[in-house]
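For reference, chains read A, B and C in written order, and residue numbers begin at 1 within each chain.
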Amino acid sequence: MPADIYLNVAVGGVLTGLVYGLMALGLSVIFGVVRVVNFAHGEMMTIAMYIAVTLFSAFHLDPLLMLVPIAAVLFAFGYVLQAGMINAFITRPEHSQFLLLVALAIIIVNVLLILFGPDAQSVQTSYSFDSFQIGPLIVDATKAYAGIAAIVVALALFVFFRSTRVGTAIRACADNYTGALVVGLDVKHLYALTFGLGAACVGAAGVMLVLIVDVTPPLGPAYTLLAFVIVITGGLGSMPGALIGGLLIGLTEAMAGLLFTPSAKSMFAFAILVLVLLFRPQGIMGKRTTS
Amino acid sequence: MSALLTVDAVSKRFRGLVAVDRLNFEVPAGGIYAVIGPNGAGKTTLFNMIAGVFAPDSGAISFAGERIDGLPPDRICRRGIGRTFQIVRPFPALSVEDNVIVGALLHRRHVVDARAHAHEVLRRLDLYDKRAQRASSLTLPDRKRLEVARALATDPKLLLLDEVMAGLRPTETDRIVAILKELNRETGLTILLIEHVMRAVMALASRILVLHHGAAIAQGTPGAVVRDPAVIHSYLGAEDVS
Amino acid sequence: MIARLIEGVPRRALLLLGVLLVALIVAPLIASDYLLTVLILILYFAYIGQAWNIMMGFAGQLSLGHALYVGLGAYAAASFYVHFGIGPWLGLMVAVPVAALAGAFIGFLAFRFRVAGVYFAILTIAVAEFARVGFDHWGWTSGSSGLFLPVAQYTHNDLWLLRGHPVMFYYVILAASVLAFILCRALLQSRVGYFWLAIREDEEAARSAGIDTFHYKMVAVVISAAMTSFAGVFYAFFYNNLFPEQVFHISRSIEIILGPIVGGIGTLFGPVLGAFVLTGLAETLTAALAAAGVDLPGAKQVFYGICLLLVIMALPDGIWPWLSKRIGLAERDK
């Protein structure tokens, strides 16, 4: 195979990886602050994907233009979910939280199945088959747009956490729950905001992903798993870690698909996860908590 | 070898901060030995090194004539050192009796034997009547004694007590002091304790080690230590300790 | 031995257990074929739930990848049967060590490198998924096209080769569930059981009480994996077909652990009760939706999910701890 095929596949993998990274970022933000593992993460993403597909097929609205409104819908969904349901579980044992979110995931997958059926659905935009050529490099337009959008959203989130009052307050909650209560922060509201932001992230990622993959209801659990793999590879709770983990897994999947067989690509992602857990359990960018 | 525990030039640093600095002392078999000092003096760090939570950076710790520094906590316990935690951590969902049975099973194969031994220990610590309660439902003084009971059930030769009197009222303190004295007298158990409550230290200890910034500034009998000018200056201050 | 097992158990609890056991023994005499398959499913989940509970309920290690041990057990026994004509009971001699080794592998890596809590759970998922994709591409077990056990009309029940009528399978899984229940009771009352509970409650305190936590956590994983692999062998010979996509899938792992969580983690009767409640619920929903004329794929799962939500919100410790208090049978060992 000529060398530029490797390069093309690698670049495609990196761009898809950026979207994966954004999806994982949502999971990481939620875990980092609320300390709840969102076992319904991929399922929430498929909600956004189906909204995007429906808006496109009904009104011909381009998914990228709908990115902000759909992310806002997911934000509201996440906020209500955390404030109304999950918040009562934050002090309960892990398996209890797990069951809650698994029940939620089962409901989401099957409601989508009832509404949209089992067949794969996709979006065919005017630029679906466009590509850019840079020297020997050929990049799909959809992947390029999706990758750029992922970077923009991630940057916006970084800025929010670094330089706004609310962002700082949320980070304070994550560092010291009791301390945050003592200084009078409305922790419940901040947790709900955080869960909403995490949901908005994964919603935005879903809208971008609609350009690249077809959506079916069972995609949800598969992406939940992928988000775990990425987040732990990058470092649970680390924002840059989620993006880097996404890149790494996106690249690995693309190369494995090219060199071996596409159906075995997730095996390599899991192999990376196992290696990371064993040799750097805190993840690539994570800080080791003192035990 | 009359010393049961020997701490020889032991040092420990955390990120450049010296927590324990070339510390030397010996605990004789059968004695009650107290370590006192202000917060941050390195007392708990010292305990954690003896109990195997982490290894010293340099120096040696020997128990009954053998090196134990660097061994993991479970192996150190099996050698005969029992410990309590400063912030008590009984097994919350287990009954008082089961908490102590866990300790008693260390050197006993059968639960029946362990239960018998646990009952003996529980009686000694005035917890026998509460044996069926969940550990999480106990009051703080009871939980502190449960912590001692669990450690004691492992049949230690040396018992490390990390502030077991802290937060107790004087009557409860006296009760533990009496129990520990009796244990020491009747079974020859050696006790090494960290304590802030001077009333208990003066009543119990045959020797006292005063730590300050990780180093020993005084060692000796209680009477001698409280009159030591360096101790008065750095730790006891103007407090009346008689 | 028996005296020790029932020591401290309230009379009424023994009586109820006895009644339940007798009812289960005579059930095939009156049950329809449909009800019999439902009961087999219930006992199957009760059995695996019990095995999983050893790891999570006793030793406090959350495994979300128990489908791995089911799959390994199923594939080991089934391939030996298909390729060499070796029957399931001899196949167990392969299935159990293979699953136990896999458990030991995961346990060794995780406990040595201090992979704990959520990280441990995700490691178990990852290994199971790794196996799923691996088996999809492994020719000897027919890869993703599935491994099929030869099925023929059997005129009699061959217990040795596990070929025959569902009633035979029913009694096999009933016996296994009863044995698992007794084994768990015996384990809880033993030295290792006490050490597991101590580790579950507070690992650091357990270590300072002299417990070699690494060793006892390994014992828990290996026993749990070995027990689970038998369920895999049963699955293979009962359903006669195996697809990696099905047996190793994460949704199988989740299915396995819903019962004990709903029933009550760490209790002996929780996994049994959970299996009855959840499988019963699923079947009732199917029947109710059919009666109502609703033919929507997914509708049953939506109701199932809602019921799970309600249970976990109302009874976070599971049904059995609440129910046993209500009927005056609180398990003393928890």
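Following the convention adopted for this analysis, a contact is a pair of C-beta atoms (placed from the backbone, for glycine too) under 8 Å apart; a residue touches a chain by one contact, two chains touch by 3 or more.
Everything numeric here is computed off the predicted structure, so don't read it as measured data.
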Among the chains, which one keeps its Cα centre farthest from the Cα centre of subunit A?
B
Give me the ID of the chain with the smallest distance between its Cα centroid and the all-protein Cα centroid.
C
Compute the distance, rounded to whole Å, between the mean C-alpha positions of subunit A and subunit B.
50
Whole-Å gap between the CA centroids of subunit B and subunit C:
44
Would you mind pulling out the distance in Å between where the CA atoms of subunit A average out and where those of subunit C do?
32
Given the complex, residues on subunit C that touch subunit B span 189-191, 194-195, 197-198, 201-202, 204-213, 334
Residues of subunit B defined as touching subunit C within the complex:
51, 53, 72-75, 77-78, 82-83, 85, 89-94, 98, 101-103, 105-106, 109-111, 114, 150-151, 154
Can you tell me which positions in subunit C touch subunit A when the two form their complex?
56, 62, 64, 109-110, 113-115, 117-119, 121-123, 125-127, 129-130, 133-134, 136-137, 144, 250-251, 254, 257-258, 261-262, 265, 296-299, 301-302, 304-306, 308-309, 312-313, 316
Which of the residues in subunit A come into contact with subunit C in the complex?
37, 85, 88-89, 92, 94-96, 98-100, 102-107, 109-111, 113-114, 118, 217, 221, 225, 228-229, 232, 236, 261, 263-264, 266-267, 270-271, 273-274, 277-279, 281, 291
